[in-house]
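Once you scroll down, you'll see the structures, which are given as structure tokens.
In the two complexes below, chain A is the common chain; its partner is chain B in one and chain C in the other.
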Partner chain A sequence: MDSAGASDHDGKSILVVGGGIAGITAALEAAEAGARVILIERSPFLGGRTAAFHLYFPKLCPPACGLEINFRRLKNNPRITVLTQAELESLAGTAGNFKATVRLSPRFVSGACTLCGACVEACPAERSDEFNFGLSRTKAIYFPHAMAYPAAYAIDRSLCPEGCTACANVCRYDAIHLTQAPERRVFSVAAVIAATGWAPYNAARLAHLGYGTLPNVVTNVVLERMAAPNGPTRGKIVRPSDGKPPESVAFVQCAGSRDENHLPYCSSVCCSASLKHSAYIHAEHPEVPVSVFYIDIRTPGLLDEFRARVTADSHLTLVKGRVGRIEEDPNTHDLFVTVEDALAGRKSIRKFGLVVLATGMVPQSDGLPSGFERDEYGFVADGAPGFYAAGCAKRPEEVAATVRDATGAALRALPYAVRSGRHE
Partner chain B sequence: MSKSVGVYICSGCSIGDSLDVGRLTNVAQKECKAAVCRVHPFLCGDEGLAEIRQDVAGKAVDSVVIAACSPRMKTAAFAFDPCMPLDRVNLREHVAWSHSPKDEDSQQLAEDYLRMGVVKAGKMEPLEPPVGEVSRAILVVGGGTAGMTAARGAADAGYDVVLVEKESHLGGRLANVRTGLPNHAPYTELQEIDLAGKIQTLTDHPRVTLHTATQVARTEGQPGAFTVTLTRNDQSFEHRVGAIVMATGWTPYDPARLGHLGYGKSPNIVTNEQFEAVLASGSLARPSDGKPAESVLFIQCAGSRDKNHLPYCSAVCCMDTLRQADLIHQTNPEAKVYIIYKDVIAPGQYERYYAKVQNHPATFLMKGEVSAVNPQNGDKVAVEIQNNLLGESISIRADVVVLATGYAPRAAGANGKQAQASEQGASFSSLEPGSILNLTYRQGPELPVAQDGFPGSNFICFPYETLRTGIYAAGAVHAPMDAAAAEEDACGATMKAIQCVEMVSRGQAVHPRAGDLSYPSFFLQRCTQCKRCTVECPFGAIDEDEKGTPKFNANRCRRCGVCMGACPERIISFKNYSVDMIASMIKAIEVPGEEEEKPRILVFMCENDAYPALDIIGIHHRQYDASVRVIPLRCLGSLNIVWIADALSRGIDGVMLMGCKYGDDYQCHFAKGSEIASRRLENVKETLQRLQLEPERIQAFQVSMDEYARLPEMIGTFVNRIRELGPNPYKGF
Partner chain C sequence: MEQVRQIEPDLAFIGELMSLGGGDVNKCVQCATCTSVCTLSTNNPGFPRRQMLLAQWGLKEPLLSDPSPWLCFYCGECSKQCLRKANPGETMMALRRYLTSCYDWTGLSRLMYRSAAWELGILGLVASVVVLLFTLPHNFGFGLLSQAGPQALSRVMLNQFAPVEVVHRADTLLALMLGFFLLSNAARMFYRLTRNQQIPASDYVRRLPTMLFQAVTQVRWKGCQAGDAIKNWLRHLLLASGYVLMFTLVVIFLPWFQVSNDSIHWTSFLGYYATGVLLVGAGWMIADRAGKRGEMYRFSHLSDWLFPILLWLTAATGILVHIFRVQNLPMPTYVMYVVHLAIAVPMLVVEVPFGKWAHLVYRPVAIFVDAVGKDAMARSV
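Presenting the complex of A and B:
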């Protein structure tokens, strides 16, 4: 064995685009192996969509637990440069020799911030909290969420009253700089990993299912925030119309997925997610009847045992059938769901207190360099040498699969970042 | 042994407003005899840091106590020489932000924390990372899809690879399959598999040493320094490797157990693997008489999703059936294909291929349960189906019936030992000796299994974690997955293997204490060979000699300290974490006399979950009872019960233990630590009863990080119960 091995580096970094669980994982796995990594994230915090989950299926454990370990790994690893509010503006060159131009939007809050919170009290403006899908509000200067990393405030300057410097005035640490300008930084990069993740399918396109007009028709991602203790309802699953716990709940699977008019692919995770949501509901209200309307229950591999465990609950009913229409009683805002029961072969109308649309995943790949392969739905795949894709930008998949995939992407990028790799 | 402790107190972030910093300085200087004590209003700023660096550089101090914010904050600022003794005293989140300002109880809390930090730092010694010659070569066991991908990936990244395959040729199950599922847009056409090309690449690769018809007879040593003994025929030879990827693949579920689906009743009832050979012949010949089959019926979940057989979904069978249906139609577009399924598992972009096969006019999909499979006269097979879409039972006659057989991981024996059907359902024997890796570990020869016989762990965030450092499962042996997923999984497992050898070469721990330079040492002169440490280590890091004396392997160790907690003789210590250090911290707590009616509650907290959760309470400026004194532990499993006895004899009124959830869905990052701690606690309770102390004085709590909002109430309730019990009668003794 040549024990000199591959631990020497030529100083070029792996650029990881996206700071969700895929990007964090790819960055850490590569950096702990000895590569230098630049991790860029568009929002002011890392963790992406996973940070907004209440619990993971099938273990029903909180994402914060693993994120805490990962953030500690990040904090302790000098090989990783984390840039939030950063976007890849352009990429030139070839594998091993890219020049990446990164645009950094100002945070207006420096590392001198100590989280004392005086600025929030002074701030006169409010914003809708997108972390909670608009179900709550924060001040214009805000802490992204309770367990946010980096643990620092950010400011939505578009909402600041003209000339207002209230936050900066009260800051005792000179941490707020309202005139901070955007900047551009250029990095030498050996390889790029796209870990740009997903967004929920735009439920506004599901008007036929009552979304947007019927208050008690919500999406699965909103339900997830309601269930979270740090969410807008502090962990209570309630009907938006009256704030009360629902007396019955329906899940509409494939809301947008497996549908030529919307997303022609399967979003992979929604079946397990709805089963998990049923478990959330029954943890709080064990007697509430839950119905899941589905085409196939897709819980591949070991997840099938999660299905078996959750469906053992007699208050959960799985119905193979397509939901055609959802209407409401305008007085009670109760919902009437017309469903074609494929097994019983008949159409029926059933009443529910809350309907959850199991909306699918849409890859977020706009603006990625052209070196990536990209399909008609926007999913990216490994492209030319030096371009590697990971996570839900590549295919719809659950967290564990995303982490495996991101770890593998780090391996494919590694030869370009280490001197004795195949490009020498 | 360090003697000169420097104490640096930050008065910023309202610490100075809440607390009397002058009194804290007195504690550091007069009581604790700190060599240096400085106060700065903004310690993490350049000026504050410069003062610390100057004292260290000038050798005025050799150990540093930062009394400021939580150790989870400002880590980059307070990063000095990683080997230098350093302790962080959490005056901000755990005192100033979560207790009443300018209050005597808050002040006493801060002073105790400072005493505890200084005494701990004073007992720490500079770290000396483990050293030793490290092999960076990667051993890959298994030459199928996953193993070949792993070997290629490691070799391309510049690492020498030893690839071992027990058969005489590479390729594994891929060798039997002509085409692969579509993984590229438009996701509707089968892909050619260039197995020969892949094999050639490996054969030609200068970094790959290939051993076919070879098995691993013995694996000894530790990450960075494994010695593996390989055997081929009668020959035996050794390789030195740094990490191992186990890619031993899968084995079909034994069709002999599928008699209820007709297997064995007719040559025309075959498994999916046997049908692949029929397809390969190109003529779609019915096995019984060689006549062209005009109808083929697939029974899905043959052995899968069945508590009497394999309790899980085998993940590949639906797509494989669709692929075989497609191939049937490529041979004879008129042939009828019936697929009897429970759910069609075609996740992600595979949906496109499913839609294509489903839309073929001769494809008939039916959700239903098969109740009987009966061969008929004239070589046809009749299949009875219940609960189909029409709500009645129907019978279909087909020329060939294909059982879409599931699979078991090839982890349990050289012959692919399978699930054993029993009256309780399938049970999986754990790995038998002499099967795959043949580790010479005290805790057994193979990777411990997690769910259903698949080796690994249950971590969602860390799916490559196993309970044996430096050994990673990849591909179908890791979890049910198809060939494309196995290739990706193999890349990930290989990345972890590479990372392990690199971290070991730097003397660092791997996940979850990645980068940690400390490791335990054993003062063996006082060892009583009780074997608790060798049994309880979750990672099998400690072997034994014939007498039972522990033989520690630093590179297998994850630095959790479970061994330290297990040791009744207190002979296992890290240079920065030891039984004595924690015991001294407990002694440093000032316990008010009985007459003051101020209880003191000690809280041992897992630093990975409960401690950060308490930080969040501080960040939210929520208050909790100031009678608690928190000691963070690397893992609750490192709790040594002597500390509880120490605390009670010092007059501490109650002890709370906050660790991660345990059981099947454990959240402990060291897998077994919190569970082990709870077992130790049972022993303590017996001791308490003998001392005539109420067992309620000690209570364990399972806390996950997102439950932070419950902590103030949890603490408050416990303190109130202790107040009701009254003071510890041993107070003042």
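Presenting the complex of A and C:
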């Protein structure tokens, strides 16, 4: 992974910030078109939110295939420099002539590692596994997740006991260097693509829906991890209170989205996501009734077909009406959902074993260079020449749309990076 | 096939309703959060989503026969959680203003709700009539006082200024008139609410105690689960106890309550309670409204200000009459007596049958009709 400096080759690099599906796609498209690319990712692995999915909608195929093909393309492409645990510290200059300063946090684990796992066994400290939204724990030295790329351990040093060197001591390959220091690297880049992605809306702000106090009120991203075979429940959708399969499931759409008290915009994917989740539930528990409480079911374009397919299941009921209140039976932890069926004009309290809040998407655009335009919600738009945005940092969208969008961003960045340049 | 029904939106109605309150029905997307968070809204039919829809579509007729606006005590939870900030709670309040103006057959209420000039003009007119009654005739008020000679100016002789039997007859007449207007408006309301119902009269008779109980206790308010509902209910109950007591003292016991000289009677102590409660209760509400403390007070129509302010001023001037009288200050007593009536009488004339105060009948009637309807529905299931 040598520095893609400006002096030693003809074209300059494109800097892609964010290693999720948008960043990976933009990097690959640009590199395969002939540009050099520096792909930086804040976390220790690539794949972003997509890696945490069980299946994509509408085809309901696992992300493993898409991501793994992309990881192979990355590995085989010498024009791409992948830097994980890397953040863009500053950017100066103009299109075609940027100086990008990247801060690399130490990984502490070198390429000599054989993934033998002795260090994990020796490690005395634990951390909450954010990849599984805290539903599981790992050691302070951990393998991020089954599909992680690069396939390497990472260490959360903030959790290491004072003076502990247990992992390094036990490593037979001298692959662990706990004294490794952070470093800074400066790159000449021609254009920047922001692919910083999204985070689920902070469900702690949905306390009125019982999130955080009622154990069986979960969010859609947590359900996604439960459904994934590599997830904390090994693919079983269960109630957090007792680990049993739910007897019935409710989805609360627009949990935070389209709400001027929370996110005023439609997150666009949550309806399809909940339909997909209901398909997960029916695949695992065919008899479990599922109700989706919605304001509008928004499955635009070809997703309407997906909706028709999923709603053909007689165990799925769609009810127009936003949930206003969720209470629980403290003994059984069953949930009582108060909702008005707006089409029938009937308000009722319905009992469910599990309630899933369909939380929306919040753009992750803090810390991007000021050359990018950002709207009032934090969504990034293309800014001055040389600044391009892609994926969910730009607008809420599903994986397929993100891939198309990232390809477009790569195309717009390319003229600055190839030798002929853009003549203006 | 379902019957096709063409809807003719009454756009003028939508405009009028929105001008009566701070809600915006056009923002509503019918998500139904409001109905599900409302702890007073029952299962069928619920509120306020249904009212937002009817208002949005300009469907005035179904709203005129809907008791729901009066079943709401404006805790404001719906407005707080409304994802479009359409303020359904305030729309229910605007509906109550609108319905009050529609139930009244004289048309005065509508004039006053729609126009501040009419409201203030009528208040001023009635106040002027009161002042003129004390100044023009030679056998009443200042005319009578001049006949009593200098002693009525050296010590308080209230009955020499406003003879209690005359005042008592006048206030009885006023009470009967206002009662007539209020009850005839309430009868119109009852007719609107029940004309499409096929419920036997015996069902209504059986629920009469509910109406009386709610009128006296306003206990339905307690069902609001918003944080300050209990406080608001108790405060309102206290205020109501004050004006009911004061009303009883004035209309029934005036010969004992209006004391002519500077002596103190047993009725004074009842008056102290009523005055204290009215001053504190109304003053507190005015302060909350001025400080916009709570959803209920975020938007204020002129009628929301006038009612508590006039009530407070009535109590304040009433206690001043008492203080001047027991201090044996003749002229201040007489003048304050006129001021007191020049505030109290217009307030009663405008507010009781045509204004905000009419809710003292409209709410119990609506709760009553709703309860009868629910009984019938429960039986048919």
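In this section, the second predicted complex is superposed on the first by the 412 of 424 C-alpha atoms of A that agree within 3 Å, B and C clash if a C-alpha of one lies under 4 Å from a C-alpha of the other, contacts with A are read in each partner's own complex, and residues count from 1 in each chain.
Basically, a contact is a pair of C-beta atoms (placed from the backbone, for glycine too) under 8 Å apart; a residue touches a chain by one contact, two chains touch by 3 or more.
From a predicted model like this one, the values you see are computed outputs, not experimental measurements.
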Touched partner set for A:268, first chain B, second chain C, both or neither: first
Partner chain in contact with A:324 - chain B first, chain C second, else both or neither: second
Touching partner for A:204 - first (chain B), second (chain C), both, neither: neither
Which of chain B and chain C A:345 touches, first, second, both or neither: both
Partner chain in contact with A:258 - chain B first, chain C second, else both or neither: both
Which of chain B and chain C A:312 touches, first, second, both or neither: neither
Which of chain B and chain C A:181 touches, first, second, both or neither: neither
If touched residues of chain A are counted for chain B and for chain C, the larger one: B
Chain A residues contacted in one complex by chain B, in the other by chain C: 258, 296, 320, 342, 345
Residue numbers on chain A that touch chain C, as the complex places them: 208, 254, 258-262, 295-296, 320-325, 338-342, 345-348
Residues of chain C that touch chain A when the two form their complex: 29-38, 41-46, 49-50, 80-81, 83-85
Of chain B, residues touching chain A in the complex: 12-14, 42, 45, 69, 72-73, 75-76, 79, 133-137, 153, 156-160, 184-187, 240-241, 304-305, 307, 311-315, 343-352, 355, 367, 387, 389-391, 451-452, 454, 458-464, 479-481, 485, 488-496, 498-499, 501-503, 505, 510-512, 514-515, 608-609, 612, 616, 619-621, 660-661, 665, 667, 669, 704-709
Touch list for chain A against partner chain B, complex: 1-3, 5-7, 21, 28-30, 32-34, 54-56, 59-70, 72-73, 75-78, 112, 114-117, 146-147, 151, 172-173, 228-230, 234, 258, 264-268, 296-305, 308, 320, 342-345, 373, 375-377, 379, 381, 395-397, 399-401, 403-412, 414-415, 418-422
